[in-house]
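Given below, in the form of structure tokens, are the structures.
Two complexes, one shared chain (chain A), two partners (chain B, chain C).
Right, the complex of A and B next:
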């Protein structure tokens, strides 16, 4: 009974965010264009040859994803704060964990959609061999797991940074250092898909472990930063 | 001060009177004793580092950086642990003094960690031939430094109040969990980087060990002395803000 209530609360908040975004479409389009432009800029900053592309491309992809994610995270929560919506949400008798998880799933959905769209474009622009066999099927879980790790920490800190004047500046400064383990394991897992190598730690397993740690700690701590 | 003594806290009790009375009587004495001990041990430590301990056969004079680098690194990390522990306790028991201690730990800790990074670079250039390598320890220390800076920036942007204190506590806790994970993941990422290079403790002569121990004690005392000062500063700042709020 409690679990059903929790999930119905979670779904209500999540569905509100999805409808809001479907009507405005600002965040999705903005993030998508941003990720694409980062990839284009990378094309000019690194001289990409067929021999170097597989070692550079995973890094380029993840830099684009991380920057785009932070842009989106900053926007979704800032909109809530500006309209005073978060305060009203907190007045309702909804479990704080449900609010956090709904916000997290909303952010993950935005980031995930952008990434899934950006991935084929990225493969075409960089001439990456991800179409062969199961590479693409293996790449999508890695991309989503990486997005989950970034969104777990990012959602928590975007709520924190949204109360300050310098939120756009503060969010990356707080989040970038914390997501280093997720970034390392996601980039290594992506690279290994393109260029297999021996004697590597199980990066996908580590990525899942980091996600679980960040997710549980953030879920537990969220209630303290929204409490009044 | 007279006005401060009349300020009630949230529960309407004159807590301020007790705190400021304690602060006036106890802290200057603690500060004086710590300051005196720091001056004595630090002078002894400087003499030992530059005259007592022998010159390293391989690294020469550069090796003496080690006696400053290790103690400052130790207190730089100790300070973040203090910050995180204060954060955990603060979330259960919202005591203002814990928050002052956490802020003091951040401000003093970042200074020591900055010195650690600079000294390490100065040592690395002649010994490793590079100012910086992306080793696990170096990377984790740099990330820790970023967390200190992020903490201080967030606190100054959020201003006084319990909201900022709770946000700071959350950063402290997540940071304390994250730094060991970063250390491990960089270690796996870099594979077998010569970590022993960083750790020239293997066959130190007894003089060097004693010098290092004295330096550790001296820098830890210096840290404690600075923590008392920074804590007092935080306390007085909070008091001044309360006074200003009561006037406005």
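Right, the complex of A and C next:
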């Protein structure tokens, strides 16, 4: 009964966020445009050769993803808090973990959509054969795991930053240092896909481990951060 | 003191009244030695207050007197610095989720999702409160507040008064036993005010209680059974409304609120 209620409430908050975003189009279009612009700028900035592109491209991809993600994460929660809607949500007898997980899944969905849009552009701009063989199939889990790590920490801190006046500045300062392990693991795992190498640590395994840690800690801490 | 049974039981459909088990508690609100400070600045100082079930209490005071802080503590949005808060016999330190099920909240801002329709907003909150047969209950309440024909319109397409009516429907959706109202008359026209008066009469006639803040002394007199004035975080005046005239209230208010 309790589990059913929990998932029903989680679904209600998630569905509301998706519906609201699809109608307002406030966040995901801006995130997508931002990610594409970063990729284009990286493409122009570096003198890419066949020998250097595989070492630069994964970094460019993940810089684009993390900046675009933070742009979106900051907006979704801040807008709800500014309008007083987060307080209204907290007035209801909803498990705070359900609110966190719904917000996290919503953010993950928006980041995922942005990544789906950005990946083909990335492949074309950097002339990378990600469509060949099983590269794309192996890249998608890495991209999703990286997005999960960023979203887990970002969702938690976006709620904290939303209460401050300098939220746009504070959110990246809080989140970037924490997601460094996720970003390093994701960049290295992506590089290994493009240029296979031996004697490398199990980057995907590390990515999964960081995700599990961030997700567990953030889920437990959310209640204390969101409530006074 | 007997208490309502804890649990997640859904609200009975099409029932505006508080359930029978809730009526076994004598006091809707019991505050004892309540204190609250923000950054060492005291906002509420030793508040003792009770609201018997079925009664209406008007909370008056100048801006900064502590009314909103008190409402936030009662609603479970803020924690008391010290002292005890019991809502419907439930201790706010340990039974906050259960308390949230008992409370309906209307603020001067409607706090509804502008990009969702009227009905979608009510269905969303109905799901959060685990209201049974939410759609039927939502439509019944929309009919009650005169908004059933606008049920499929987005909130941002409505006037301020219409949105406030929807906020009232949302507050009553889970049949709360206690209504907390923060300047609820804001944005309502004369018809809207008459409607709210009728809704409040129905709520209290069924044993529900309410506490509201307002700056309108006339409304405080007409809507409440008792008036409490806060100043500097303290209760500085309280009186039964039945034996109070508008002139006396104005005089008292001017004396204690400077």
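Here is the rule we go by: the second predicted complex is superposed on the first by the 228 of 228 C-alpha atoms of A that agree within 3 Å, B and C clash if a C-alpha of one lies under 4 Å from a C-alpha of the other, contacts with A are read in each partner's own complex, and residues count from 1 in each chain.
To be clear about the criterion, contacts are C-beta pairs under 8 Å (C-beta built on N, C-alpha and C of every residue); 3 or more make two chains touch, one makes a residue touch a chain.
A quick note: this is a predicted structure, and the numbers were derived from the prediction, not measured.
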{"item": "Which superposed partner A:170 touches (first chain B, second chain C, both, neither)", "value": "first"}
{"item": "Touched partner set for A:8, first chain B, second chain C, both or neither", "value": "second"}
{"item": "Which of chain B and chain C A:190 touches, first, second, both or neither", "value": "neither"}
{"item": "Which of chain B and chain C A:91 touches, first, second, both or neither", "value": "second"}
{"item": "Touched partner set for A:201, first chain B, second chain C, both or neither", "value": "first"}
{"item": "First, second, both or neither for A:24, with chain B first and chain C second", "value": "second"}
{"item": "Partner chain(s) touched by A:83 [first = chain B, second = chain C, both, neither]", "value": "second"}
{"item": "Which superposed partner A:219 touches (first chain B, second chain C, both, neither)", "value": "neither"}
{"item": "Shared chain A surface residues [contacts with chain B and with chain C]", "value": "227-228"}
{"item": "Of all residues in chain B, those that touch chain A in their complex", "value": "91, 139, 143, 146-147, 149-150, 153-154, 157-158, 163, 166-167, 169-171, 173-175, 177-178, 181-182, 185-186, 188-189, 191"}
{"item": "Chain B partner contacts - residues on chain A that touch it in the complex", "value": "153, 156, 160-161, 163-166, 170, 173-174, 176-178, 180-181, 184-185, 188, 199, 201, 206, 210, 213, 217-218, 221, 224-225, 227-228"}
{"item": "In the complex with chain C, residue positions of chain A that touch it", "value": "1-2, 5, 8-9, 11-13, 16, 19-20, 23-24, 83-85, 87-95, 227-228"}
{"item": "Residues on chain C engaged by chain A in the complex (per definition of touch)", "value": "8, 75-79, 97-98, 100-101, 103, 105, 107, 109, 111, 113-116, 120, 124-125, 127-130, 154"}
